[in-house]
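Both complexes shown next keep chain A, but they swap its partner, so chain B is in the first and chain C is in the second.
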Partner chain A sequence: MITTTSLYDQLISFYNNTAGSGQQWLSDLRSRAFEAFSTQGFPTTKNEEWRFTNIAAFLKEDYSLQPGAATLQDIKKSNGIPSFDAHEIVLKNGMLNEDVNIRGITVTPFRAALKDDRLKSYLSKYISLEKNAFAALNTALFQNGVVIETAKNIIADKPLHLIHVYNAEDPVFVNPRILVIANKGSKTEVVESIYVKGKSPLFINNVTEAYIAENARLDQYYLQTTAPNVRLVNFTQCVQSSDSLYNNYTYTLPGADFVRNTLHLDLNGTNTESHLYGLYLTGANQLVDNHTSVHHLFPNCMSNELYKGVLMDNSRAVFNGKIYVHQDAQKTNAFQQNNNMLLSNKAVIDSKPQLEIFADDVKCSHGSTVGSFNNEALFYLKARGIGEIAARNLLVNAFAFDVTNKIQIPAVREYVEKLITKKMSEAYDYQ
Partner chain B sequence: MANKSDDILEEYSSKEYEFGFVTDIEMEIAPKGLSEETIHYISAKKQEPQWLLDWRLKGYHSFLKAEDPHWQNFELPKVDFQGISYYAAPKSRAKYKSIDEVDPELIATFEKLGIPLSEQKVLAGVAVDAVFDSVSVATTFKETLKEHGIIFCSVSEAVQEHPELVQKYLGSVVPHSDNIYASLNSAVFSDGSFVYIPKGVRCPMELSTYFRINTENTGQFERTLIIADEGSYVSYLEGCTAPKRDENQLHAAVVELIALENAEIKYSTVQNWYPGDKEGNGGIYNFVTKRGVCRGANAKISWTQVETGSAITWKYPSVILQGDHSTGEFYSVAVTKGKQIADTGTKMFHIGKNTKSRIISKGISAGEGQNSYRGLVQVGSKAENARNFTQCDSLLIGNRCGAHTFPYIESKNNTATIEHEATTSKIGEDQIFYLNQRGIDTEKAVALIVNGYAKEVLNQLPMEFAVEAQKLLSISLEGSVG
Partner chain C sequence: MLLSIKNLQAAVEDKQILKGINLQVNAGEVHAIMGPNGSGKSSLASVLAGRENYEVTGGEVLFDGKDLLELSPEDRAREGLFLAFQYPVEIPGVSNINFLRTALNEIRAYHNQPPLEAKEFLKLTRENQKLVEFDAKLTNRSLNEGFSGGEKKRNEIFQLAMLNPKLSILDETDSGLDIDALRIVANGVNKLRSEKNAFIVITHYQRLLEYIVPDFVHVLYDGRIVKSGTKELALELEEKGYDWIKEPVTSESI
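Here is the complex of A and B:
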């Protein structure tokens, strides 16, 4: 248990100041969550889920829990995704201040949405607070964020682009919260990206909950390319009902010193389909940790997971994918694959694919590989007059292609592919 | 079909354990409980030198400090360490000069188990060391081995006759503070086998140890130490059985293998401890620490195991690949049925350059059995061009069993190539249908499929053992229809 005094004490006093406001159910939930957090403390490497990820160094800063106001138009313009036609929702320091009007979709600031008792049946309903300290902390403390609800049978005309802008002039610790409700038969695409102004440490402890009703479809894109001063803990809890489809795309590129993505997927109905795609291209001194867990609870569900990693410089990556097939989940098809390329002799990878299966009529597999460039392929390209650097870029792009070509929005795909090429050519030490 | 398979499953899970008899033989048993006195008692009984007693006491103190592990995915039964007797030996234990002097009751026991102790009966030329409860009772073929300079005897004998070798290597691979069960073993180990193969010698026959737990309320804590000197080769087999009892018995062994430059050790296990009855009462807790180290260049260690018995099997035979170009292999078939639990796998530590490892693990779960593969492949920053291939497959028979995989892959070197793949499925209905069509009944078809499935591992076993293992596998899986 890490109890970095200043931060820990601050969190407690912050909680004591904010708790008790709002409805009874909410303050009950918050106190349960806070209890869960204070018994666990921040996770250490003794916790199996954090075995390879030591966060002590990232908690040392003298964080403030009350970020100042953000005025950030200039950032948005220069860093946006080119020619991406989407409904833009801008969260400033994790806060949304007014409704955004989109036909068929209601976008409400979380602070306002909390007044609605209906949220009781969604909020932290499936998150195991006792096992997820950061999610518990967020549940106890979050003040704002966004609730996105797609109405029944609505097919969104354009993707939603959730732009998180942060002002890190001083060290800040933020707890944004996102709730996505995709009602029956609807289709929603949400793209999230992060822009940061300022060079002070910024700790983002984000929690996203997504509920996908019968026959609905939700695509979530996380584009994580930020600055070294960012520490990002991104927790996602997704619940799928029968006949629904969920796609998650998590792309982490050089930038933030520390990224931890935790994705829990509960398949809470029959005939569901889920695809989880991830790419982590890491550089400098980055530590990127992806933890996913898929729970097959009902029969006839399909899940497919593909995570690919390219590690450069001094970076370190962790992959842990779990598939649980519960006893009733017969006829499950569950696949998982993790491939890693180490481009530097200082990079470190810890990969742990994991299957736990309690039903017999299933097809499950996982695979994991670690390697480097295929020297023969490199030689083939060089023999055809392609320079060393260009050949390596080509091979890395080809390696990442399996994941990037799954992106269904052309503008986003182009953006990610360009970023990979750019980050690759910026990196120097990947011989 | 469903009904039929239920019947067969029922029949199969109630399959009797055929080695469940008790031998009525006079035993000398230490009083129950564990304390420094117990250790002094054991050490005095075996007339051990002071350094060994000191080492045992160190083990005891690390045992006291150690905590029960909590990372396993099954419920660890609380073992009452004070309720166990740590020493049990057939009473009439004088030094046997020849096999004729051994208690005929004992010989009969081993005959019943199909272990020929009398040398003239040995057809295949396997040298056997038989360990009954805590004590090694007979070692065959000693003279033949002596001609080659090979030492094959019980550890207690080795302590008396070759103390310099024992002192040098004992605890050098599995230190006394390794884990709680290894510490316990270090403190109270009673006997086990000791093998030393001198430089450049290829052991002319398979060496084999047979372990038998007989007495109630005893634990078996044997310690095996195998040293293959430069350029030598040895193939070693072990087998185990125990009588049926309603209480659980603890088996906490330690096996240490040391392969020096250019040496090769092949270690095979067919484990058939009493698995408990179908309600899950009784059975052996098989908590074993097995580890080998490839000290020199080009050394090779290969583990092969067929795990069919024990209420809980919990072991990870590992290889430390220290020497350049050294090789580690792990082949495993684990069958669980009834309420059995198997949590097994391996650890491969790549330290030297150009080291290679290969892991093939086949799990078969039936009834309410739980089978886990837990493995670690670790590549250090200096292990240039390290290579690993891992395959772990699980076969599920019946809808109440489970199969789990927990592989850990850690690489600190970008020239390393690591591959891991795992699959889980049941026996395909199409496969059974295909065989049915060709006049093979379902039961035989399943046996055929399972045998084919496990072939890759069984092929690694020495001939004599492969036959036993195949028989064991087909008995274990008799009538289990997917």
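Here is the complex of A and C:
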């Protein structure tokens, strides 16, 4: 257990000051969550789920839990995503200050939403707080964030762009919370990006829960490219009902020193379809960890996961993907693949795909590869006059193509592709 | 003189493969290189194009007056050398058209020329597609991915047409082509021939040389050019096979 005294004491006093407010069910939940966090403490490398990810250094800062005011100073239009036509939802330090009007979709500040007892049936319903210290901590402490709810049979006319704006002029530790409720037959796309002002350490301990009802579709995009002072722990719990479709796109590019994505997907009905696409292009001293787990609980569901990694400089990446096919989940189709390109001899990847099958009539596969540039391909490109750097850019984009070409929003796709080229040219050492 | 190879020697993994090649190519000429499998034809092409696993152990190569062996593979291409690969590489995820645009613009940048306007590029692409009868659908696909053998070879000639090099080396471009495809490829090359450029055509069969008529024919055997002549030599080889040149009669070579 890590007990960085100042942070830990602050967390306790913050909890004591805030947890009692609100409905009984909420205080009960918070109390259970805080208990779960205190019992576990922050995870260390002794915890199997954090074996390759040592976060001690990221917790040492003199964090405050009260960020200064966040402003939109210097933020680019659409947070730097050119020609992205979306409903913008700007969260300043997790707070929604303006009303958002979208036909068929309500966006409510979490604080206001908590007054509604209906939230009881969603909040941390599927999260195993006893096994996820960060999610437990968030559940105990969170004050801000939003609830996004798409009404029955509503097809959103445009994607939602959730821009998280933070003030990091002084070291802060924040616990934002997102809840997405996609009601029956609805279709919603949510793109999340981050904008940070200030260069002090910023620890974002985010929890997102997504509920996708029968016949609904939800696409979630996490665009994680930000500043080195950011440490991002991003926990997602997604629950799918029968006949629903869920797409998750997690793209992590150079920026934050530390990113940990934990994505749990419960397939809680028959005939669901899920696609999890991930790209991590890591540089400098980044540590990027992706943990996913997919639970097939009912028959006839399909899940497909493809994570691709390109590692440069001194960066490290961790991939851990689990698929559980439970006994009742006959006729499951579950695929998982993790491919990596190591472009620096100082970079390190730890990749572990896992498959546990308790049903007998299933089609499952998983695999993991680590490679570098294909010299034949490099020579072919050079023999046509293409220089070393341009050739490498082409090949890395080609490697990432399998996951970038899955992006359904053209502006986002173009943005990610350009970002890959830009971030590669900024790397100081890859070979 | 466009290309001057003097006593070129090269090795792979300490195995001597080219054992002293001499060859002079002038602008406007077509040279054919023939020879049995494993004699070093592709190796010669690779060394000229700058493939890294070959170590040049002796000799010199001047290309348009420049020391070719000093240049990186990309600079050789930018100076106007083109190798049509015997085995073109498939690169999934790199679109044919994006690849060509990048290549063309990198070559232009080397010569201090601005990138081609989208419109000009499109026009050039259309013209050359027609020239080598290259299916327009293929230009938008991933580079060579899932192409048939013939489509790959035709793509090499399409690239050749787009990049308009001074010296083109065609490494067995005819192998695996049916007679129609062969005629199309040969027609493309003939249309591209001019007083300013030159071709080295590596082939196994005399057949291609009926369509691309060479000025000179050389026989490569065991890392050396053991015989040179005019196009009649190709016919003789077709008739007699290679056995007769395998005797140690290097003194006979011109």
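The criterion applied here is as follows: the second predicted complex is superposed on the first by the 423 of 431 C-alpha atoms of A that agree within 3 Å, B and C clash if a C-alpha of one lies under 4 Å from a C-alpha of the other, contacts with A are read in each partner's own complex, and residues count from 1 in each chain.
Here is the rule we go by: contacts are C-beta pairs under 8 Å (C-beta built on N, C-alpha and C of every residue); 3 or more make two chains touch, one makes a residue touch a chain.
None of the values given here were measured: they were computed from a predicted structure.
Peer 1: State whether chain B and chain C clash or fit side by side on chain A once the two structures are superposed.
Peer 2: Fit - chain B and chain C, as placed by superposing on chain A, sit side by side.
Peer 1: Check the residue A:350 against both partner chains and state whether it touches chain B (first), chain C (second), both, or neither.
Peer 2: first
Peer 1: Where does A:398 make contact in the superposed view: on chain B (first), on chain C (second), on both, or on neither?
Peer 2: A:398 contacts chain C only, not chain B.
Peer 1: Using the superposition on chain A described above, determine whether A:377 touches chain B (first), chain C (second), both, or neither.
Peer 2: In the superposition, A:377 touches chain C alone.
Peer 1: Contacts for A:83 in the overlay, against chain B (first) and chain C (second): which applies, first, second, both or neither?
Peer 2: Touch partners of A:83: none, neither chain B nor chain C.
Peer 1: With both structures superposed, pick whichever of chain B and chain C touches the larger number of chain A residues.
Peer 2: Residues of chain A touched, chain B against chain C: more for B.
Peer 1: Thinking of the overlay built on chain A, is A:330 touched by chain B (first), by chain C (second), by both, or by neither?
Peer 2: After superposition on chain A, A:330 lies in contact with chain B alone.
Peer 1: Once the structures are superposed on A, label A:387 by its partner contacts, choosing first (chain B), second (chain C), both or neither.
Peer 2: The second partner, chain C, only.
Peer 1: Using only C-alpha atoms, work out how near chain B sits to chain C after the chain A superposition, in angstrom.
Peer 2: 16
Peer 1: Which chain C residues qualify as touching chain A in the complex?
Peer 2: For this pair, the touching residues of chain C are 49-52, 72-74, 76-78, 82-83, 85, 88-89, 91-94, 98-99, 102-104, 106-107, 110, 142, 159, 163.
Peer 1: For a test of understanding, state which residues of chain B touch chain A in their complex under the given definition.
Peer 2: Answer in residue numbers: 71, 73, 379, 381, 394, 396-426, 482.
Peer 1: For chain A, which residues are in contact with chain C within the complex?
Peer 2: Contacts found on chain A: 374-377, 379-388, 390-391, 394-395, 397-402.
Peer 1: How about chain A: which of its residues touch chain B in the complex?
Peer 2: Residue list for chain A touching chain B: 48, 52, 327, 330, 340, 342-345, 347-372.
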